[in-house]
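Heads up, the next two complexes both have subunit A, just with different partners, subunit B and then subunit C.
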Partner chain A sequence: MTSTASIAADFTARPTRGSVVRFVNSHTLPLLLAAVFIASAISTPDFATFANIRAILINTSIVGIIAVSMTAITISGNFFSLGIASSTVLAGIVFLAVSGLTGSALAGLGAAVAVSVTLGIMQGLIVGAGLNPVITTLAVGSVIYGLVAIATKGAVVTAGSVDVAWLATWNFLEIPLPVYIFVLFTAVAWFLTEHTLIGRNIHLLGANRATARNSGISPQATTIWAFIAFGVGLGVAGALNASQLHQMQANDLAGLTMDVIAAVLVGGTAVSGGEGSPTRSALGALLIVALGNIMLLHGLDNGWRVFLVGGIVVVLVVALHVLRKVSTR
Partner chain B sequence: MNAAKEFFLKYSLQIVVLLLVVGIMVMVSPGFRGEAALFSSLERLIPLGVIAAGLAVTMIAGEFDLSVASMAAFAGAIAVQLGGLGLIASILIATVVGVLLGSLQGWVIARLGISSLVFTVGTLILLRGATWLATDGVPVTLTDYKLSDALMVRIWVFTPLSLTTIAVLAVLGIFLSRTRWGREISSIGGARQEAVASGVKLRSRLVLAFAISGGCGALAGALSSFRGGSATPDGLANMLLLALAAVLIGGVSLTGGRGGMINVAFGIAITAVLAAGMSSIGVKAFVTELFTGVLLLVVILLEFAISKAVAYRASLQRRRPHLAVA
Partner chain C sequence: MHFSYARAWRKIAVAVLATGLLTSTAACSTSSSSAAPGAPAASHGKGTGTTDGGGALLKVFMPSTSNVYLAAASQSIKDEAKALNYTVNIVENNWDQTEQDQQVQEWLATGERAAAVLMWPAGAAAATNSIRLLSAQAPVIQFNNLVTPEASKYVTAYSGVSDTGIGKEAGANALAAVEKLKAEGVKFHGPGGKPNVVEIRFTAGYAAGDDREKAFAEATPGAFNMLAVEPTPTVDAQGGFKAASQVIPRFLGQGIDIVYAHSNDVANGVVQALEQNGLKPGKDVILITGTSSGDMTNLRSGKIWSATLQSPVIEGALVVRTAAQYIATGQVQSGDVTIESSATKPELKVEAPHTATYMMNPQVTAENNASFDIWGLSFDKLMGK
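Then we have the complex of A and B:
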C-alpha cells in the first residue's frame, strides 16, 4: 500500500520538473515579448501610439513572412538558409519587372512566387539528396546575387508607370494589406505543419532522420516540400517589399538574412530539428522588429540594434539548449 | 621521387583545377602574366587566406565557425583605432582579442554541447553589431597613413602581408600534422567518439580550434584594415562565402576529419588566382562572387557524387564474399 502510494507519488512528482521546463520553454517568448512591450510603453512616450504599433506591424510583415516560411526548413533538420537576402531581392525585381511589362501587380506577384518556388525546388533537390543546406544556400544565394547584379547592371529597377504600390498600401481598419497577409501566412503555415501529413513528416524527419526513413517517409520529398514553402514565402515577401519601396536593386536588404535567422532562433525553433512552430517564428520576428523600433525611438543607431539582436540570439539559443538538455535528462 | 608522386596523386584534383584556372585566366586576360599576375594573386591572400586557414581548422575539427568574417571586421575596427600604439602592437592586440573571443566561443560550444553552426550564427550577428558600435557606424580611417607603409614593402612578388599568410599556413600545417594537439584536432573531426574513447580531451581541443579560427579571423581583419587605411562597419561581410569556398574547393571535407593545410593552400590559390585574374580584365566584384558561388556549388556536388560512388563501391565489395558463400 505504502509502496504503491510512494511509487504513485514518485510517478506524479517526476514530470513536475519537466513541466516547469516545458512551461518556461513554451512561454519564454510570449512573456519576453509582453515584457518588452510593457516596459517600452512605460519608458518610451511614442511607443504605444497607434502609428508606431502600425509601423512595427508593417515592418514585421516582411521579416515575419520569410521567418514563418523558413521554419519548415529548420524543423526538418536543415538548419537555415544563408541566401535569404538575394532570393528576396530577386523576387522583388521579378515582381517589378513583370508588373511593369504586363501592367498588373498580381501577374508580377505570381511570377515572383513562381520563380522563388522553382529556385526552392532546385535547392530542395540538392539539400534533399544529403548536401549541407547552409553551404548550398550560401552558394546559391551568391550565384543569385551575381546574376541579379549582372542582369540589372547594378541599377535600380522600377515598375515604370504601372501602379504596384496598392499591394502595400491597400488597407482595412487603417492596417495595410501586408500585415493581413503575414497573419494569414502564419495561420496557414501553422495549420500545414501541425495538422497535415506533410507537416508531421517534416517534424519527424527533423526529430530523427533514420526513423523517418524507416517508417517510409522520403527525406527527399519532405525536404523539397519544406523548400517549396520557403519559396512561396520568399516570393510573397519580395513582392510586398518591392511594392512598399516602389524600387529594388541588387544590393538591397543586406541585413535581412540575419534578421530572419534571428527571428527563427529567438522563436525557439530547435535548429537540431524536430521542434518548433511557425507561430513562434512570427512572434520572434515581432520581437526583433519591436526591439529595433525601441532603439530607434531612443535615438540609438543600427549598431545597437544588431548588437542587441545578436546578444538575444546567443543568450536564448544557449538558454533553450540548456533547458532542453535538462528536460530530456 | 616516390614522395613527389604520392603528393601529385593525393592532390591531383586540386592541381588540375588550379592549372585550369591559371590557364583560363592567362587566356582571357592579356595583362595577367608573369610577375604582375603572381603579385596580384598573392595580394589576395590577405584577408582571404588567413580567414580560410582559421575556418579550415574548425572544419577539420568537425565544427563550423560562421563568425570569422564578423570577427575580422571587428578586429579591423579595433586595430585601426589603436593605430596610435604602433603597427605591430595594434595588430597584436586585435589578434589577442580574437583569440580570447574565439576561445570563449569554443568553451561555450564545448561545455554545453551546443551546435557550433547555431551558436556562431548568433555571434556572427553579435560581432557585426559590436563592429558597428566600435566604428560608430561610419568608416574609421587611420590617423597616421604612413603607419601601414611597412606592410606594403615589396620584396620581389611578396609583401609582408602575403608572407604573413604563407607563414600562418605553414605554422598551422605543421601544427595540425606534426604535433600531438594538432593531430587530436583532426581526430575529433574524423571520428569523435573513437578519439574521446582513446583519451583525447574533447573540450580543450575544441577551445583550441575556435581560438585559432578567432585569432586568424582577427589577424586577417587587422592586416586588411591597415592595408586599406580604414575599417567600415559593414566590411568583409562576403569573406565568409569566399573563405568557405576556398576551404571546400581545396578538398577539406564538410563533415570533418579529411583534409589539411595543403588542401587549404590549394583552395586559397585557386580562389585567389580566380579573383585576381577576374579583376585584371576589369570584371566587377559581384561577377567574381558569382563565379566563386558556381565553383563552390560544383565542388560540393562533385564531392557528394564521389562520396556516394565510394560508398556504393564499398557496399559492392562487402556484398561479394557474402554472395560467394551463398
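Then we have the complex of A and C:
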C-alpha cells in the first residue's frame, strides 16, 4: 500500500527529475561539443591551431546556414526539404548570372535570395495545402535540377570578369565573411523562432496541428513562413558557395541535402515537429564537421571517418530521441 | 469555406507536381534523332568493307547530358555519325546503373536492330549483365569507363579516355615543374629536399580515381614525399574545397610544395582552400591537375600550373570511328593504342580497331591553352565550349 507521504514525495520528485532530464536534453549538444573540443585540444596535435579552427568554421558555415534555415520547416511538422542541393545550385547560378550581368555581387545576392524565397513560397503553398512535404520538395528539386540542366546545357556558369569572390573571402580577424553570416543567421533565426508570434505558431503547428488550427493558427500561412525562412537561407548559401568557387554547374553539391538533414537531426530537432531550435541545428553542423576534422588529424582513412561520423550521428539521434521521450513523460 | 479553399489548393498542387514530375522525367531521358532501321551487325570476321554506315543505327547508352562533358561528347557522337552516314539514337540515364539496365532491357524488347551499341556504363562495375545482353544483339563498343575483367568477353572494343594516361601525364608534368623550379633555385620542404605533396583524389571507390592515383605514383617513383591522399566527397569544385580546406591546415607546419588534384574542376576548390590558408597557388604551392574540366580561369591566370587534356569532342568522335572500323572489317586488332595529337583529323581507314584505343592527353597550361590546335580545334572547342 502506498502511503500519502510516498505519493507526495514521488509527486514532488517528478518535476525535479523531469527538469534534470529536460536540462540534459536541451544542453546535451553544447555540452558534448564543448567536451569534444576540449578533449581534442588536449589529445589531437594541430587541432587547436587557428588555421584548423578556422577551417572547421568555414566548412560548417554553408551547411550550417541551410540547416538553420530548414529547422523551421522541421519544427512546423513538415519534415525536411529533399530539394536542397538543386535549389542551392539554382541560387548559385542566379547569383553568378545576375552578378555577371549587373557587375554587382550584391545585386546577384539579392536576385538569388528573391528566386529562392519565391520558390519557398510556392512550396509553402503546396505543402500548406496538405500535400506531403517530402514528395513536394523532392519533385520541386527534380524540376529545378531539370530546368537548370536544360538552361545551362550542363556548362559551368561563372560571373565572367566580375569580382564575386570578395563575398566569400572578405575577412575580419582572418575569419571570412561566410562564418560571420552563419553566426548572424543563426542568431536571427533563433530570435524569430523563439521570441516572435510566428515562431511560436511554427512550434505549435508542429506539436499539434489540430490544436493549432483550433487556436486560430493558419497552417498554410505558418508553413509558408517556414518555407520563406528556408528560401532566404538557400539564397544566401547558394550565393556564398558560388562566390567561394567562382563557378557553379547543374551537377554540383550532390551530398549537400544529406549533410543538412544530418545537421538538423544531430541538433535534436524532432522529425515529427514541435521541438527543436536553429541554434542546435547550427551546433549539429559544427559537431559533424569537427568530428570529421578530428579523425582526419588522427590520420584515419576516409572510409573509417565516414563510418564513425555516421555511427556517432545515429547514436546521438537515438539518444536525443530517448531523452525527449523521457522528459515529456 | 476553409475546407474548399484547402481542397482547391490540393488540386492545384497535384497539377503542379504532376507537371513537375513529367518535366523532370523528360529532362532525364532525351533521344537525339528519330530511330532509323538498323543494319545487321557485322558478324565477327566479316565486315561491310566500308566505313560508310549507309544509314544504319548506332544505339548509344550513356549518362545524362546535364554535365557539359557529356553534352559535348553526345554532340560529337552525333556529328561524327552524320559524317559517316550513320543514324544515332541516344538513351540517357541519370547516372544510375539500375535505370540504364532497365533502358537496355526495354530497348532489347522492342526488337530494333542496331549496327553497333556504344555503351558508357553509368557504373561499370555493375554493368556486366547489360553489356552481356547487348552483346548478343550487336557489337558493343564501350567508352569512357574502362572495361572490367568480367565484362571484357562481351565488349568488342574500348575507345576513349585513359585514366592511367591522365595520371601518367600529370606525374610527368609534376616532375617537369619540380625540375624547372629547382633550376630557379627553389628549395622544397620534404626530407632530403624532396617536395611535399598532397593529393586530392576523386571520391573513394571511384575507379577513375584509383587509376589516376596509381599511375601518378608509378610515374613519379620516389620523387615526392607524399603527405596525404585525401578523397573528395563529390567530384566537383565544392568537393575539392571541402577536402582541401580540412587537409591543408594539417600540413601547413610541414610546408606543402605540390598539390595534385585529379581534375581542374576539383582544383578550383583547392585554389580557394589554399588562398584561405594564406598560400599563393602558382607561387607558394604548385597545383598539378588531371582532366581539363570546369572553369579555366585559375589555369589561365597561372594559379593552376597545368591540367591534362581530356576532350569530350575527341572521345565522342573516337567511339563512333571505332564502331565504324569494326563494322567495316568485322575484326579487332589485339593490344591498345594511344592516338597522337595532330593538327588535322586523321583520315578514317578501313582497318580493324584495336582492343583499346585511347585518346591523347597533352599538357594544358596558361601559356599553351590559347594556341591549342588538335584536329583543327582550339582548346575551348575541344572542351565543347
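Throughout what follows, the second predicted complex is superposed on the first by the 308 of 329 C-alpha atoms of A that agree within 3 Å, B and C clash if a C-alpha of one lies under 4 Å from a C-alpha of the other, contacts with A are read in each partner's own complex, and residues count from 1 in each chain.
By definition in this document, contacts are C-beta pairs under 8 Å (C-beta built on N, C-alpha and C of every residue); 3 or more make two chains touch, one makes a residue touch a chain.
Model, not experiment: these values are computed from the prediction.
*Asks:* With the two structures overlaid on subunit A, would subunit B and subunit C clash, or do they fit side by side?
*Replies:* In the superposition, subunit B runs into subunit C.
*Asks:* A:Leu106 contacts which: subunit B (first), subunit C (second), both, neither?
*Replies:* A:Leu106: touches no partner chain.
*Asks:* Quick check on the superposed pair: does A:Ala139 touch subunit B, subunit C, both, or neither? Answer first, second, both or neither.
*Replies:* The answer is both, since A:Ala139 touches subunit B and subunit C.
*Asks:* Answer with first, second, both or neither: which of subunit B and subunit C does A:Val322 touch in the superposed model?
*Replies:* A:Val322 sits against subunit B, while subunit C stays out of touch.
*Asks:* For A:Ala51, select first, second, both or neither according to whether it touches subunit B, subunit C, the two together, or no partner.
*Replies:* In the superposition, A:Ala51 contacts subunit C only.
*Asks:* In the superposed arrangement, does A:Phe80 touch subunit B (first), subunit C (second), both or neither?
*Replies:* Once the two structures are laid over each other on A, A:Phe80 reaches subunit B alone.
*Asks:* Considering only the touch criterion stated at the top, classify A:Ala262 as touching first (subunit B), second (subunit C), both, or neither.
*Replies:* Touch partner of A:Ala262: subunit B, not subunit C.
*Asks:* Does subunit B (first) or subunit C (second) touch A:Ala39, or do both, or does neither?
*Replies:* neither
*Asks:* Have a look at where A:Leu308 lands relative to subunit B and subunit C in the superposition and call it first, second, both or neither.
*Replies:* first
*Asks:* Which subunit A residues lie in the overlap of the subunit B contact set and the subunit C contact set?
*Replies:* Comparing the two interfaces on subunit A, one with subunit B and one with subunit C, the shared residues are 126, 129-131, 135-136, 139-140, 142-143, 145-147, 149-150, 154, 250, 254, 302-303.
*Asks:* Can you list the subunit B residues touching subunit A in their complex?
*Replies:* 64, 66, 108, 112-115, 117-119, 121-133, 135-137, 233-234, 237-238, 240-241, 244-245, 248, 254, 284, 286-287, 289-294, 296-297, 300-301, 304
*Asks:* Flag every residue of subunit A that touches subunit B in the complex, lowest number first.
*Replies:* Interface residues on the subunit A side: 79-80, 126, 129-132, 134-136, 138-143, 145-147, 149-150, 154, 250, 254, 258, 261-262, 265, 271-272, 301-311, 313-314, 317-318, 321-322, 325.
*Asks:* Can you list the residues on subunit C that touch subunit A in the complex?
*Replies:* 6, 9-10, 12-14, 16-17, 20-21, 23-24, 26-28, 64-71, 204, 230-231, 233-234, 236-239, 241-242, 245-250, 252-253, 265, 268-269, 272, 275-277, 294-295, 297, 385
*Asks:* Taking the touch rule as given, give the residues of subunit A at its contact with subunit C in the complex, in rising order.
*Replies:* So the residues of subunit A in touch with subunit C come to 46, 49, 51-52, 54-55, 58-59, 122, 125-126, 128-131, 135-136, 139-140, 142-143, 145-150, 153-156, 158, 168-169, 176, 220, 241, 244-247, 249-255, 292-293, 296-297, 302-303.
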